[in-house]
Amino acid sequence: MVSLSAAAFWLLALTILGAALLVVMSKNIVHSVLWLIVVFLGIAGVFLMLGAKFLAAIQILVYAGAVCIMVVFGVMLTQREDMSKSNIFNKRMLTAAPVVGLLLVVSGTLAFKSVDKAPVNGGSVPTNTVEAIGELLLSKYVVPFEVAAILLLVALIGAVFLSMEVKPDADND
Amino acid sequence: MSFPLLTACLLAPLLAALIIIFLPKDESKLHKIVAVIGTFVSLAISLYVFFAYDKSIGGIQFVERINWIKDLGVTYYMGVDGLSLPMLLLTNLIGFTAVFASWNIPNRTKEFFILLLVLIAGVMGTFITQDLFIFLLFYEVVVIPIYIMVIIWGSSKRVTKEYAGMKLTIYLLIGSAFLLAAVIATFVKATQITGTPDMSFQALAQVNFPEQFQIWMFLLMLIGFGSLLSMFPFHSWSPDGYAGAPTAVSMIHAGVLKKIGGYGLIRFAVYVMPAGAAYWSPLIAVLGVAGCAYAAMGALAQKDLKYIVGYSSVSHMGYVLLGVAALSVVGVNGAVANMFAHGVMAALFFSMIGFIYERTHTRNVSDLGGLARQMPKLAVGFMMAAMASLGLPGLVSFIPEFTIFVGSFERFGLLAVVAIAGIIITALYVLRAGANTLFGTPREKYNHLKDLKGVEMVPLVVLGAVLVIGGLMPSLLFDMVDSGVAPIMSHINEYLPTAVQIGGKY
Amino acid sequence: MLTTISPMHFVVLSAALFAIGLFGAITKKNAITVLICIELMLSAVNINLVAFNMFVTPEAFIGQIFAIFVITVAAAEIGVGLAIMLTIYRNKLSVDLDDFDWMKW
Amino acid sequence: MVEFAMNHTWLVPLLPALSFLIIIFFTRPWPRLSSTVSIAFMLSSFAVATLAAYGVFTDAQFKHEPLVYAIRWFGMEGLNIDVGVLLGPSSAMMIFMVTLVASLIQIYSTGYMKGDPGYSVFFSYLSLFAASMLGLIISSNLLQLFVFWELVGLCSYLLIGFYTHKNSAREAAKKAFITTRIGDFGMLLGMLAIQIIFGTLNLYELGQIMPNFEDYTTAGMMTLIAVLLFIGPIGKSGQFPLHVWLPDAMEGPTPVSALIHAATMVVAGVYLVGRTMFLFVEVESAMYLIAVVGAFTAFFAATIAVTQREIKRILAYSTVSQLGYMMLALGVGSLTASFFHLWTHAFFKALMFLGAGSVLHALHHKADVWDMGGLIKKMPITGWTFVIGGLAIAGIPPFAGFWSKDEILLATFNEGHYLLFTLGAVTAFLTAFYIWRMIFLTFFGEEKPDNHPHESPLSMTIPLIVLAVMATVGGLIGTPMNPHWQEWIFFGESHHIVPNIPIMLVSIALAAAGIGLAYVLYIKDRNKANVKDLAIRFKPVYTLLYNKYYMDEMYLWFNHKVVDGSARMTHLFDIYVVDGIVNGLGAVTKGTGGILRYTQNGKIQSYALVFFLAVLVITILLAFNDTTSMALVLGGVSK
């Protein structure tokens, strides 16, 4: 008897991994970006499954929304040639594949070996996550929160500064 | 806690460097003035400390101690004793005059003086700290400005300045690698034995290290400090480096930086590892004597003035090593005093050579001659340095050399005779260089050259005065050194084989 | 195994996603794809964090809050990364990472 | 007054030192003022010295116990050095003599150096020189003495090289310094040994200790110390084989030659041996060595002097020869005779040098005696005073040189050194010959038409006259009839001299024979045909003598080939072996780097690949090795 949650998990897992593989494998970068959205959505589903409703929402907003749009813009601004060959592999395939594969095998093995040792304490996540997270962020984690805010600001300024059009005759000092 | 004089002394050049950073880069006059003020404050403070130090009490005075890294037992521990005070004074004398010696550098004055001031502060730091960690810290601080200054403001003669700078830096860094290994091992061992981490020299000296450990550690330190001291056969950076470096760097390097090697050898290696010192002292003596004789012969074959002085400083450091190797109060006193004397003399020498080079654009002895007619004041300075170099009594270097000879002759006998014979060769090459540069038929093409004037006289006056005062009143220096060395050497006798009295009944 | 979900499942999912992302990051020529793959890797980490949040410390929200920060940083990273890519593209007219070997010196 | 002078004898060197400072720092632009300052200080120093000497020679207690006072100079555990004054009959005599001669020479220099651009500097050097020399004399400590010893060397370096624009002056100065430096090396070793063995360098204390030296060390060690210490005087006093610098030192201005060769620097070595006589008398062989070196030097230098042509060079070799006499006297144990000769020699040799200077001054520095002749008519004062000097050095009674030389020969004879006595006697003959050869060629005979000599100014002739008087009467205080000198200046017990009439007669006869031979060869024989004939017949001997036995060439060869050669070898060794190893290590490092750099292709994805490969390896190593490290990897997951 396959429980509902197990079915959901397998479905989501297959979606995520399949889409991720397509992201990597497709030769056209626009397709990659589209498959990326699927991956992110799948991950949001996983979050929901794990009781992180707020995170799922953020995942959709930030990743599937903002990040992907930004990447699309990036693609638009940098690709001027044939899109069908915009996303090809380099010659490191042959060395990278075994390394990554082995890495996956090792971590999988470790995960299987440690399956009984996981310190599962059996509690469940409170349902109103937004309120709890909000309170924690503004009390206990206020300093990292503010730092993250500053980081975003700096990243914003930096991104603007870097991508600003530079006049060819300007003195670069 | 009273006013932190030593910290002030250390910070004055740094502060000056900081001010120069914010000055416009075209105001070279202003850079120089700020540098002069910074170094002068340090000089004044170190003079005050030198004379305010109470020799009758001895020990570490003017102490400032603040905990820094507790787990490593590192403290910001500043203090001076009779061993570090002459070195502190020397540093500031040379630092002060080096600013004047580089008065005429043509380009990038701003960067030059910033680096120079950092260099001075770094060297000073090694001498006034009583904490091993801070000592190493300052030592590493010093290396970088030197490298930059050599490759930017240096001069290429027999070797390129890039080669010279690289050689200098890599030698110093390799030396410090050996040193670092020794320091870490010593610290770990000391913590194992006592249980409480403490990086101060005094605390480490209290620890009873096993004899075998001391022997190995001392060897590492000897290589480390030795390469800094240009101990034979780790000396070849010294002539090349000095020849490539700008005047001020040569002055500071030969004058004080090298002395960190000798200072460290006494302050750290001999003090903390007396058994190791006793075990290796014959080797030190042999290397010292080899350095004396070998470098003197090397100097004899040189044609470039800076190479001559470079080799000569290797030779003089051989005397220092010989004094240390004697491991007696007399010998080590002589070694410390000789470091002071050589510092003053080498700085004067290099500053005069710098002035000659600025004017004639050559340092080749055979291209010079008869300069005494055209530049009498410069000739006086050059001659004073030369005479001090060959150990003329009445100038500061004679008594230290004599003291070293007494100390080493007592312990090594014949070996010391070889070193003493070095004084003849020294006279030969120094006089050759001096006489052939200054005397003889004056050359037409140098007739238009101007003698030293204005601020250029400062190195001559200051260093010359120290040469003479130190020569006429050696007790000024020796009483100070003695108060610092005597406690360090107080236990060494336990480790020495029974002293052989030369000329005893045999 | 198939019917009950344990933390191990999520760990393996996360590992697989991470491996795919890593593989892409190493083997793709296009710099933007590399950025995308790095996002994949970060997401894999997030899955792990949230999963352990549920199974180990459900009340304390440590994992979730950590994930929020990861998302923040990831957003900042991709913003700056794309900006850098744009600048490079403007100068070199290429986003092929194999063309960029300035790190040699 | 006298009391004050004796207790402040350090003023004697201090006053000229002050004048040096004053001239250097203040009065250098005004030559006349400088010389006045210098002479004034020198004369006041002379006054103090005279008073001190008067005090010593009127109080019989100083015959055996000198006046010593000192302060600590510097010290530490195991090495304490004092500076102070040791005032006894010898030092009192010396300071009197040196201040007198130095004053006269300074007065002379006002005339001789007139118009020289370095006038002020010259006087400052003279002052410094006098200061150093006087300091040397009154030193109470060997190290203090050594300090002044070296300062004297420095001053002589500066003075010999005074004409800085002349290459020959530069070379001569260098040679003087380095040659004496070789001597100093030995002396330094000797001093070190004394310090280490006896624990003190105070002369007076050493004098007390030395008779019991067996408590401290062995006879072999004492011999070594004595020989080492004697090397210093060999260099300083121009004894064979380190005499080569002395004739070359003539490059300096003539007053300097007078000051250095007559009164002061060169006798410093003799003075040192005299001062440390207590040490040498303990070692028979060292004494014998001194005597042999002295006698040989005397003879050797005299033979060279016979053939030399330059007036100052002849005088220089004669100085070497006379110094040999003094050493010989010391070697046979007669401090009295040695210092007596030192005293008389100072006057007549200074006189002759200054006279030679006067001649050179008049002839515009034409130095070859063969180009002179008949000068006595134009320069009567110079000429006749020079003749007095010649009589004195030749040993004609009653001039000063006779009494002292006789004393030396007598002491040698009495000690039973007959060979050395013969050498000394032959030297006396040679001395009379070559000095009078010079006098005849210079002052008598035909005048040379292209010379236009004129008598020198008063400032130069007055010192000549004073010195001539001293050269005449200076010996009378130590004649056998009137042995004041012998009562005061002696080592151990004062000698009761027994005049030995045959020896005296032999000595006079030899001197007369020398003068006579010179007269026959150079005055009687107007064309000098015999001389030329002799020179041709004994050509090898003549060439050998004229070239000073090729000693200079030997030293040059040694210096250039051996010393410079090995220096060049060292240099090459340094560049190719020591530096070669260093650069080789560098090259190996660079080569390795060159190979390894291909791993650094600059592509970030390769780096990432390597990074994760490393992660993988570390993980495998840690995770599958043992359980504890596995726990480390799994972190909190494993309990």
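We just call them A, B, C and D in the order they show up, numbering each chain from 1.
Just so it is clear, contacts are C-beta pairs under 8 Å (C-beta built on N, C-alpha and C of every residue); 3 or more make two chains touch, one makes a residue touch a chain.
Just so we're clear, the structure is a prediction, and the values are computed from it rather than from any experiment.
When chain centres are set by their Cα atoms, the one at the greatest distance from chain B is A.
Distance between chain centres (mean CA atoms), chain B to chain D: 35 Å. With centres set at the average Cα position, the gap from chain A to chain B is 60 Å.
Averaged C-alpha coordinates give centres for chain A and chain D that are 94 Å from one another.
Mean C-alpha position of chain A lies 5 Å from that of chain C.
Counting partners per residue, chain A has 90, 92, 96, 100, 103, 107, 114, 118-119 as the residues that reach two or more other chains. Touching of two or more other chains is recorded for residues 22, 26-27, 97-98 of chain C. The list of touching chain pairs reads A-C, A-D, B-D, C-D.
Put simply, chain A touches chain D in their complex at residues 90, 92, 95-96, 99-100, 102-103, 106-107, 110, 114, 117-119.
Interface residues of chain B facing chain D in the complex, by the touch rule stated above, are 167, 170, 233, 235-237, 294, 297-298, 300-302, 328-330, 333, 370, 372-373, 387, 390, 392-394, 398-399, 402-403, 405-406, 409-410, 417, 420-421, 423-425, 427-428, 431-432, 435-436, 438-442, 474-475, 478-479, 482, 486, 501-506.
Contacts from chain C toward chain A in the complex involve residues 2-13, 15-17, 19-24, 26-30, 32-33, 35-37, 39-40, 43, 46-47, 50-51, 53-59, 61, 64-65, 67-69, 71-80, 82-87, 89-90, 95, 97-98. Contact residues on chain C toward chain D in their complex (touch as defined above): 22, 25-27, 34, 97-98, 100-105.
Per the touch definition, chain D reaches chain B in the complex via residues 72-79, 143, 146-151, 154, 161, 164-167, 169-170, 173-174, 177-178, 181-182, 184-185, 188-189, 192-193, 195-197, 216-218, 221, 563-564, 566-568, 570-571, 574, 578-579, 582, 586.
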